[in-house]
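Labels A, B, C and D are assigned to the chains in the order they are written; within every chain, residues are numbered from 1.
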Amino acid sequence: MTARIDFNCDMGESFGAYKMGQDEEIIKYITSANVACGFHAGDPNWMRRTVKLAEENGVALGAHASFPDLSGFGRRNMAVAPDEAKNDIIYQMGALTAFTSAKKLQHVKPHGAMYNMAVRDEALARAICEAILEVDPGIILVALTGTQWVELARDMGLRVAREAFADRAVNADGTLVPRSKPGSVIEEVDEVARRSIKMVTEGKVTAITGEEISLAADTLCLHSDTPNSIHLASYIRSALEAEGVQIVPVGQIV
Amino acid sequence: MTARIDFNCDMGESFGAYKMGQDEEIIKYITSANVACGFHAGDPNWMRRTVKLAEENGVALGAHASFPDLSGFGRRNMAVAPDEAKNDIIYQMGALTAFTSAKKLQHVKPHGAMYNMAVRDEALARAICEAILEVDPGIILVALTGTQWVELARDMGLRVAREAFADRAVNADGTLVPRSKPGSVIEEVDEVARRSIKMVTEGKVTAITGEEISLAADTLCLHSDTPNSIHLASYIRSALEAEGVQIVPVGQIV
Amino acid sequence: MTARIDFNCDMGESFGAYKMGQDEEIIKYITSANVACGFHAGDPNWMRRTVKLAEENGVALGAHASFPDLSGFGRRNMAVAPDEAKNDIIYQMGALTAFTSAKKLQHVKPHGAMYNMAVRDEALARAICEAILEVDPGIILVALTGTQWVELARDMGLRVAREAFADRAVNADGTLVPRSKPGSVIEEVDEVARRSIKMVTEGKVTAITGEEISLAADTLCLHSDTPNSIHLASYIRSALEAEGVQIVPVGQIV
Amino acid sequence: MTARIDFNCDMGESFGAYKMGQDEEIIKYITSANVACGFHAGDPNWMRRTVKLAEENGVALGAHASFPDLSGFGRRNMAVAPDEAKNDIIYQMGALTAFTSAKKLQHVKPHGAMYNMAVRDEALARAICEAILEVDPGIILVALTGTQWVELARDMGLRVAREAFADRAVNADGTLVPRSKPGSVIEEVDEVARRSIKMVTEGKVTAITGEEISLAADTLCLHSDTPNSIHLASYIRSALEAEGVQIVPVGQIV
């Protein structure tokens, strides 16, 4: 069987007169777009443009749902009650859906603080899953690989895409090394490519401790916000394709 | 043929800790709910509650789309470009749709300043129609009866519900007498009921000048924000039913 | 020496078309107003009205500073960095100051989640103090009596008003019994009055465990959001005055 | 007497994670900073940074007050009632003042749509003036030269700085040629410099019709948002200084 992987990237993070990201460039290398829906970034005008850009490039669409925190870019933990988070997510999913030609989303990926909190907070993780099930049980949840959140979502009957970060060091238990620690971000392009290939073809990664551990990935998270990120995306994509890996939207994988 | 009319009312205008309207009471008398979508009022939590309330009462659902003006309750004219207004409306329609059981709206009624501006501003009126056509051409536009906006929408292929205000005086040309003028609001319940019956059964109304003029109505706008509004709704409903008029969602009329 | 106490109350929590609180009534019984500054509630128009109402009634003015969380009414914990919280507070203090006749505030009282977090989070507590020192070292901080926050503020050179809640049960260590526990809120007016008198004249209160503990209070927090709250305010005020206690703005006490 | 002129520039227009403008560069060439106050751009954190940057560079501070329209960057006309606009401005003035070391502003310059509307809308123009008078009658209003707004402000007792745009063509009556017309923006640096010198030393400018007209200027508006804008600022400053013109904060001029 041919190995397959999805490349996802956060997009549509501009807001009003504010431009962010290099969407027109990164779109050429990815297969799934996580579109900001106005709660941490994005607005109706940028959502339209982003959806159009993705559709023209054959890139699948998902909602990048966030806590309501525009001034903090959704990066600040908030004690939003699970039922409120659920409603916030449904709202954002619906808003994005209306801009798509198919009136349908491929996936939902919680943004920033909501994503990080869901890894540890079961009630929030459950609320996110309930939001998806309520809107459309066919929509895929993108969640951090190796977490209870993934298990919970599967138990609840969701399609789940396990996400990995090829440029982030992992601990021996598979969790991400926090950005505050040295060595947490892998800068060297060749090394990121090698890790990507190993993740996708062997389901393994070398932890920061030196051990080789299992790490299953259905989708890799790419970025578009650094000068180097477009080059990195292009490089990893070529490296994986050279190994015979197919880069396809996650809806064709899970 | 039996005369039929829809009763619509603005709902879900609470926001966070702020409660507004008597939704639980007025819901018993209306057939279509215009639900605030977070731009002038409402939020994801109130949208869920309002949708549930309407569905439990067999009341059809529509988006009460607004300019982005929470602090002004959507009542202040804004020079939003037509393309931006279109995107704002699509966003709000989608957000509300996601909360409905049917994942479908019956109608869209622009709120406040957007509604009033659309009566005179053809580019805005057209943008509103385009938003609906893009999301779902089966969705009905609620627009002020007797206006070019109604004609435009029909020319564009939309289903249109012509809205009348039973408690508002009209000029000889069918336009509303501005609230700033004496006699603009009809307070006497019996008189409002008589006008409603005449509008619905004869398609006529007596203008403030004394003339009897034609005025076609598919839906009457009720309110829930005054102490007397629930009584008025109940009274008009009974009066119309006594005349053999059926009160049904506007989706069954146009 | 005559015992003195301040009565403070949250005010100006209306927003745009949304009315909240019974400001015109409660203002007659209090001596210090905590005015919402637009982050959890309030807006420039309501701030003007509230400042005018307070000044006409001889009530001292303070900023009720909050995290930026309008949809959550500032009641949700947020991981706002201390430096960001400091700037948020300075912004709100300045905005309110500009509406006052004296261009000067008496006090600052953090609202909701920010208040509760500051009791336990020293970095946040310090940031709140720094905000006040930076704007005007003469401004008083209102903080929960018996906490390290009070000590920290004093160490930093601030004037501090220790706040107590006459209608809330306290544990043996002086902390508030959480609202989720039975008996946390004292409903009986006579009992609240008795506790108020004891706090103010003896500096003591009976804990929920039955012990009598020390509890120093410079200001008592009253409410205006329940049907009974105006009656309670009036009753407590009369009861304290009957004991010879003077009710004065906290600026005359600390 | 030595000719003097102020250079003003909009600053602090970043918001949260969004960076806008080249504040660190343009600050070297200007004498007055118009700081965004959170209504169209800016936030408490950027306000602190911007105030610090200006103070370190000896640049005078003013509030760039706007309608509440973050998603439209304050560029959309809004039918805000004059009393509401007045309160919005007071709020923004106060918020900015609290970040300044002197707890005092030099000036207020309405932003975008509010500025443009004030040129024609006397009630709004008056409300802007009242806001300044209420906060501090010593604060200078920056208003478009040659307008009734300038006259009104003077009649109300305000200090007024007449603003001109060296890179914008003017009609024979002194009004700006709209950006939509060809030739409205003067791109050639030498030409902008020549026009600046003539405005400042002779109080004259050549209209688009070829006539030489009178045009008094106390302050010139510079930009920092185009690649060329820093060069232009530096060039004009040098050109004026070479003519013996002093570039000083407008508080030393009017």
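One rule holds in what follows: a residue touches a chain if its C-beta (ideal position, glycine included) is under 8 Å from a C-beta of that chain, and two chains touch if they have at least 3 such contacts.
Bear in mind the structure is a predicted one, so any value in this text is a computation, not a measurement.
Colleague: Quick check: more C-beta contact pairs at B-D or at A-B?
Modeller: Between A-B and B-D, contacts are more numerous in A-B.
Colleague: So which of A-C, C-D or B-C is the twin of A-D, meaning more than half of its contact pairs are the same residue numbers?
Modeller: Residue-number overlap above half with A-D among A-C, C-D or B-C: B-C.
Colleague: Express in whole angstrom the distance between the two chain centres, defined as the mean CA positions of subunit A and subunit B.
Modeller: Taking the mean C-alpha position of each chain, the two centres sit 40 Å apart.
Colleague: Suppose each chain is reduced to the average of its Cα coordinates; what separation in Å results between subunit B and subunit D?
Modeller: So the centroids are 43 Å from each other.
Colleague: Quick one: which residues in subunit B touch 2 or more of the other chains?
Modeller: Residues 71-72, 84.
Colleague: Residues of subunit C touching subunit A in their complex?
Modeller: Going through subunit C, the ones touching subunit A are 68-69, 71-72, 76-80, 84, 113.
Colleague: Could you list, by residue number, the parts of subunit C that touch subunit B in their complex?
Modeller: Those residues of subunit C that touch subunit B are 15-18, 20, 41, 43, 70-73, 75.
Colleague: In the complex of these two chains, what residues of subunit B are touching subunit A?
Modeller: Residues 38, 44-45, 47-48, 83-84, 87-88, 90-99, 103, 135-136 of subunit B touch subunit A in their complex.
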